[in-house]
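I've put the structures underneath this note.
You will see chain A twice below: alongside chain B first, and alongside chain C after that.
Up next, the complex of A and B:
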C-alpha cells in the first residue's frame, strides 16, 4: 500500500489492489479519453476482479499452454549465459561486446543475498540496484556489468509509482543503453502478427521511457537510452530466436505526452460525490447474495466516472459492464467509433433516428448536419427498395 | 462511414434486429461445401489440436484430435486422417467440360477469417513442402493436402472458394453492435438469426456464451479440461488407457466445436435465403478456372508456393487485388439496388425520375461536326452536387455513358449521352419518360490488358539491412 491517502486510495477503499505493470500502463493509454479507466488505473484497482465481479462472469485467464510456451522460449533464449542474446545484440544492434559481464536482478536471484526482503521492499531494492548498475555503466564502462536481466525501473502514473520489470538491458561500448524485449509469438516468413507486434512496441516504449527518467534522475542525458530496441521472437514455428530492431522514438514521445495528461486522475475523482468508494471484494466462497450486493455497490461507485466506449474497449476487463451501460443509455457509441463519429454530438440512438426521419427539429447547426446526412442515407435506402412513393 | 450504413446501424440497434445491407446474395453457395472448424493449441500455431469437418449437416461431422499436440508423429497421424478425407472430397471436383475447365469447384466454409488464415497460412504453409521420404518423414497425403490448403489461402476478393461465415454475413447484414463483436460468429448469428421470441442483443449475448469458434480455444477450458486430459495422456502407460483418454478428449472437443460447426450451416442457410446476384455466376466461373489451374499444376508437379514473394510478385499481386476489389464493388452495385443506394447516399451516384428525354438531340462536337447526343433530364430523388462534366453510367446498362451538363437553375439534372445509346441500334437503351433511374460512376471495365509489372515500383523497393540473408 502507498503511504499517502489521497482521493485515489479513498476511492479504491478495501477493493483489491493490483500494481500496474508495463502491459497495463500501455493498455491504459490505448483507451484515450476514458476517465473511468484512467481513474481506476491510477488508483491501481484490480480490474480483472472488478470486471468479473460486476458482470458476474469468471475471469478469462491466460491459457496454461500459452504461458508454458512463452516461458520455454524465454528460458532457451537466456540459456548458457544469454549466449543467444549476446550474439543477436552483436549482429542486430551492432554492439561491440568484447566481454560479457551480466547480472540478474530478479527477485529470485536476489533472495539469497538479501534474505527477508519481500513485496514492495524487494521492488525498491531492485530499483535501487538497477539505478546503481546504470550509474556504473556510465561512469566505469570497462568494469561495470553490461548486460542486466530483470532490471526494475519506476514510472509515475497519476501519482502512483509503477514498478516495471524489464527483460534485458544491454549496454554498448559506445555508451548507450539498449532495451531488449523477449516475446514468444512467432515471426512467420518475415511478418509477425501486427496486433501483437504493436502491443509489444507500446509496452517496450513504457520501459524506454522509464529508463530515460532514471537517466535524468542520476544526472545523465536521457538520450543515453537508445530508442532503437531489439525484439527477440521465435522464427516461424520453431524455437530458433531471431531479432528485429525497431526505432520506437515516436511511441516513446507519444507515451510521454499521454502520461503527462494522466495526473488529472485525481481531479477526475475530485469531481465525483464525496465518499464514493468501491466495496470490499467478497471472500472466496461468498454467497450469491453477498456477491450481488458487492456487484451493485461497485456499479454504483463506477457510475459517476464517465466512460468513453469505443472499438478498442473489447479488450478491457470492464467491457461487459460499459457495454451494458452504453446499451441502457441507447448511446451511439455502442455501435462503434465510426457510427458515433458520424453522429457527432447526437449521442442518443433514438434522437439520431428521430432527426433522420424529421420527427425532431435539429437544435443547432451540427445537429442539422447530422440530420441531413442520416436523412440522405435513409432516403437512398427507400429509393432503392420501394421507389420514391 | 457511409451515411446509409450509419443509418442502418442505428436502425438495427433501435429495432433490436439486424438490417439487410443487400437485397441479393453476392457469394456463390456450393451444393456440397466442406464445412471445417478447428483449434490449435493456445500460443502455438503449429500445433493443431482438433479439426472437425463434413459435407452434410445431417451427418455426424468427422473429428480428429491430437492428444498431445506438441508431438510431431501424433500430429502427422491426425493430419493424415484429415488429409485423406480432404483429398477425397476434392477429387469429386476433377471432371472437366470440353474446354478443359473443371465442371465445379470445391468450397470450404469456415466460421471466421482467422480460421481460414490459420488453415491456409499456417497448416498449408508448413505442411506443403514436408518430405515424404527419408527419416521422420510425413505421410505423403499431408504435403499434398498442404498444397491444396495453400491454394485456398490468400484468395482474391469476390472469390467464393473459401467462405468465412462472419465475413459473408457482415457483407449482407448490418448489426447494432461493435464491428469487432461481429467477428464472433455465434454473436453475429444472434443478430441475424435470433431464436423465436428473442431480441437480437439478447440472442447475441447467448451466442457469446458458447465455446469459441476457433482457431483459439477457450483459455478457461484449456486450464480446466484440456490440461488435465493431456496430463493423463502422458501418465497413461498402456494402449487401452491411452485410447480411453483419446475418446474422452474427442468427446470434450466435439462439445466445444459442434456449436461452431452448426453455426456455419446456419450462416449458409441465412445466405441461401437471398436470391443470387447476377454476377455471382461469372465470379464462380473464374473460381472454377483458378481451381482448374491449380489442379493442372498439382498434376504436373508444379504446385509451388513462395514463402516470401519477390517484390515484383508483390507489386503484381497488389495491382490485381486493387482491380478485383473495384470489379467486385462495381458488380455488387449493378446487381443490387441496396448496394447502389450506398453509392447514392455518398453522393457519387445520381438517383431520380426521368422527366424529359430528347433522343434526337444533336450538338456540335470539338471538330465542328454535328453528332447525336441524346439528352435526358432527371428530377433527382436526393440532392446531387457533382459538377458539370462528371461522367456517369446507366446502372441498368453500364455501357451507356453520360455527362452531366451545367445546371439551368431548375434543380433538374441534365445529362447527355456520350456513347452506348446514341445510334439507331442502341437508342432503345435510353430510359423512358417517368422511369426511375440511377446513374452511377461504375462503367463497363476497360478490356485492355494491364501492363505487366516488370521493374520493382518504388512502393516495393526493399531497404537492404546489414544482413541480406535475413530477408530470405
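Up next, the complex of A and C:
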C-alpha cells in the first residue's frame, strides 16, 4: 500500500505512523503553504503523538460523550432503511419516490458477508465495491443503488494512499452523485457554529475530490459528482435531523491545487540536512528524562522544516510548538495573519517597531511601503493614547 | 365466599380508621394520629393480600426495568407485529412502545447464533424436538449473506427474508402500516401514547405526512401510496432471488445465510 518515497520514510524513522484520513487531508487546506505540515503529512507521521510529545502535554481528546452523541445521531438518521435520509434527499436533492435503492458498504456490514477480512484488505474490498457500484450508476442507472452507506474511495496524497469513508452517497437517476455528510453539532435558529461548519465543508471537499478522481478512473466525466453536498445536522436542541445543501465547488478546486503541490514534500525534505529524522516515540510509562530527550530530538528534527504560522494553525496538533517558536523568534506571525499581512516582508517584530518609529531606514521599496503604513499606524496610536492623558 | 366477607370487614374497618385519622389530625392529637396511621397501613396490607389472593391467576404487570419474558420471545413477538424483516433498533423500539419492555439489542447476535445451533441440533438428532419458529437473519438478495443487525422469522417465505435494494424502504413502510393499525387497536390503553409517537416518528419520513403528531389513518394512507410506486419492483426482485436461492442453497443456508470466502485478494469466491 505504501510507496512512500525514500526521504519521507527515512525522515519519519521509527516514529509512529498514522494513516491519513479526510480530516487530515482537509487540514492541508487550513494551513496553506506550511512546509512543515506538508512534509509531516506526506510522511504520515502521527501528528497527535508528535504534538503531545514536544509540547509535553497530553492531547485534548474529544469527549467520549460527544463521540457517543455523534454516533447516536448518525444511527438515528440511518435507522429504518435510512428513513430520515430518504426524506431529506427527496426534499433537498430531488430524489424521486422510486429512487430508494440502498446498500450498506460499512465495514461492520461487510464483515457479515466476508468474515476474516480486516484492515487494509477490508479497505481495498470496500473501495472495489464502491467502484463497482459507481460503474453501475453510469451503465444502468435505473438498476443502480441510489443511497450507498459508508462508501469508500481513495486519494493519492503525495504518494500515500488515503482511504476515505463517506457517510452516504446519494444518486439520482437523471442527476448526479451527491455526497451526504452527517454531523451532530446543532444548527440553532438557522445557524451552525461557523468553525465546525467550515471544517465540515473542507472535509466534504476531500470526499468530492476523491469521487471525481474515481469517475475519471472509470472513464466518466468528473462532473457526474456534484459539488452540491447535503449536510445533515440536528435542528436546534432536538435530535431531529434537518439538512442544508451547499455548493463547495470553490473548496474542491482549492483542495485540488493544494494536492497538486503535495508531491513537493519530498523536495522539502531533500533540502534539509541529510540524516535529520524523528526519534522513536518513547514507550508508555517511559521516564521523564527519556521523554525530555525524545522531545528535544523531535524539536531538533522539526527545526529545519519552515512552518508558516497563521490563524488556521489552531487546529493543528503542533500549534503550541509553532506558536512558541514564533514568539521566540519575535515573528510578526505570532500577532495573527492580519498583522503579518500588513507587515509584508518585515517578519521581525523588533524591526517592524523600529520602522514604525522611524528608528531604522527602510532597506528597499517594499520596506519603505511597509514603513509608511506602520508609521501612519504609530501616529494614530500616539494620537489615541495621547488623547487619553 | 368467606374471603369476600373478610374483605368487606377489612374495607369497612379501613374506612372507619381513615375517618378517625381525619378527626385526630384536624383536632391536633398527634399520638392518636400516629397510632391510627399504623392501623391504616396494617389494614391496607391485609386488604391488598386479600385482593391478590382472589385474582391469583392475573398476570403481574412487567415493569420497564426487569422483564421476565425471554429475549427470544420478545423478538419473535415484535417481529410478528412488524411483519417484515426489522432492524434490532426497530425491534427494541416496538417492544418498548407496545409492551413497555426493554430489549438488549447487544444480545441479538448471541440469540442468532443460538438459534442456528439449535436448528442444526434438531436436524442431527432424529426425533429431537424442533422449534416452530426460529429467529433468523435477513439475507442479501444477491449473495445470500446475512444482513447486519436485521432479523426475520423462519416461518416467513424466503422472498420475504431476502433484502433487495428497495426492500429496506418497502419493509419499513409495511411495518409502519402494521404498527399504525396496532396503535389504533390499543387505543384507550396505556400503550396508546407511545405507539402513536412511534408511528408518528416513522410516518414523518413518508411524503404527505406532517412532521408531528400524525394520525395513524393518514400514515397508513401515505405509506400505501408510496408502496404502490415501489412494491412491484421489490416483489419481483425478491421473488427472482428466492427462486435462485431455492435452486442453489441447502435448507440451512436458506435460513441462516452463506459466507463469502476470499480466494484471492482480487476475487470474491465461492459461497459455502
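Some notes on this structure:
Criterion: the second predicted complex is superposed on the first by the 362 of 389 C-alpha atoms of A that agree within 3 Å, B and C clash if a C-alpha of one lies under 4 Å from a C-alpha of the other, contacts with A are read in each partner's own complex, and residues count from 1 in each chain.
We adopt the following convention: contacts are C-beta pairs under 8 Å (C-beta built on N, C-alpha and C of every residue); 3 or more make two chains touch, one makes a residue touch a chain.
This is a predicted model, so every value here is computed, not measured.
After overlaying the two complexes on the shared chain, residue contacts for A:17 are found with neither chain B nor chain C. Shared-chain residue A:281: touches no atom of chain B or chain C.
By the document's definition of touching, of the two partners only chain C reaches A:104; chain B does not.
By the touch criterion defined above, A:237 reaches chain B but does not reach chain C. In the superposition on chain A, A:196 contacts neither chain B nor chain C. In the superposition on chain A, no contact is made by A:254 with either chain B or chain C. Once chain A of one complex is fitted onto chain A of the other, the partner contacts of A:379 are limited to chain B, with no touch recorded for chain C. Once the two complexes are laid over each other on the shared chain, residue contacts for A:49 go to neither chain B nor chain C. After superposition on the shared chain, chain A has more residues touched by B, the comparison being chain B against chain C. By the document's definition of touching, of the two partners only chain B reaches A:65; chain C does not. Shared contact residues of chain A with chain B and chain C: none.
Listing the residues of chain A that touch chain B in their complex gives 58, 60-67, 69-70, 91, 94, 184-186, 188-190, 236-237, 242, 311, 313-314, 327, 330, 332, 334-336, 338-339, 341-343, 349-350, 352-353, 356, 373-374, 376-381, 383-385, 387-388. Taken together, the chain B residues at the contact with chain A in this complex read 1-11, 13-14, 23, 41-46, 121-122, 125-126, 176-181, 201, 217, 219-220, 222-223, 226-227, 307-308, 337-338, 340-342, 344-345, 351, 353, 381-383, 436, 466-467, 470-471. Those residues of chain C lying in contact with chain A across their complex are 87, 89-90, 137, 140, 143, 145-148, 165-169, 171-172, 175, 202, 204-207, 211, 226, 229-230, 233, 259-262, 265, 268.
Contact residues of chain A toward chain C in the complex are 75, 79-84, 86-87, 90, 97-98, 100-104, 106, 108-109, 111-117, 121, 124-125, 145, 240.
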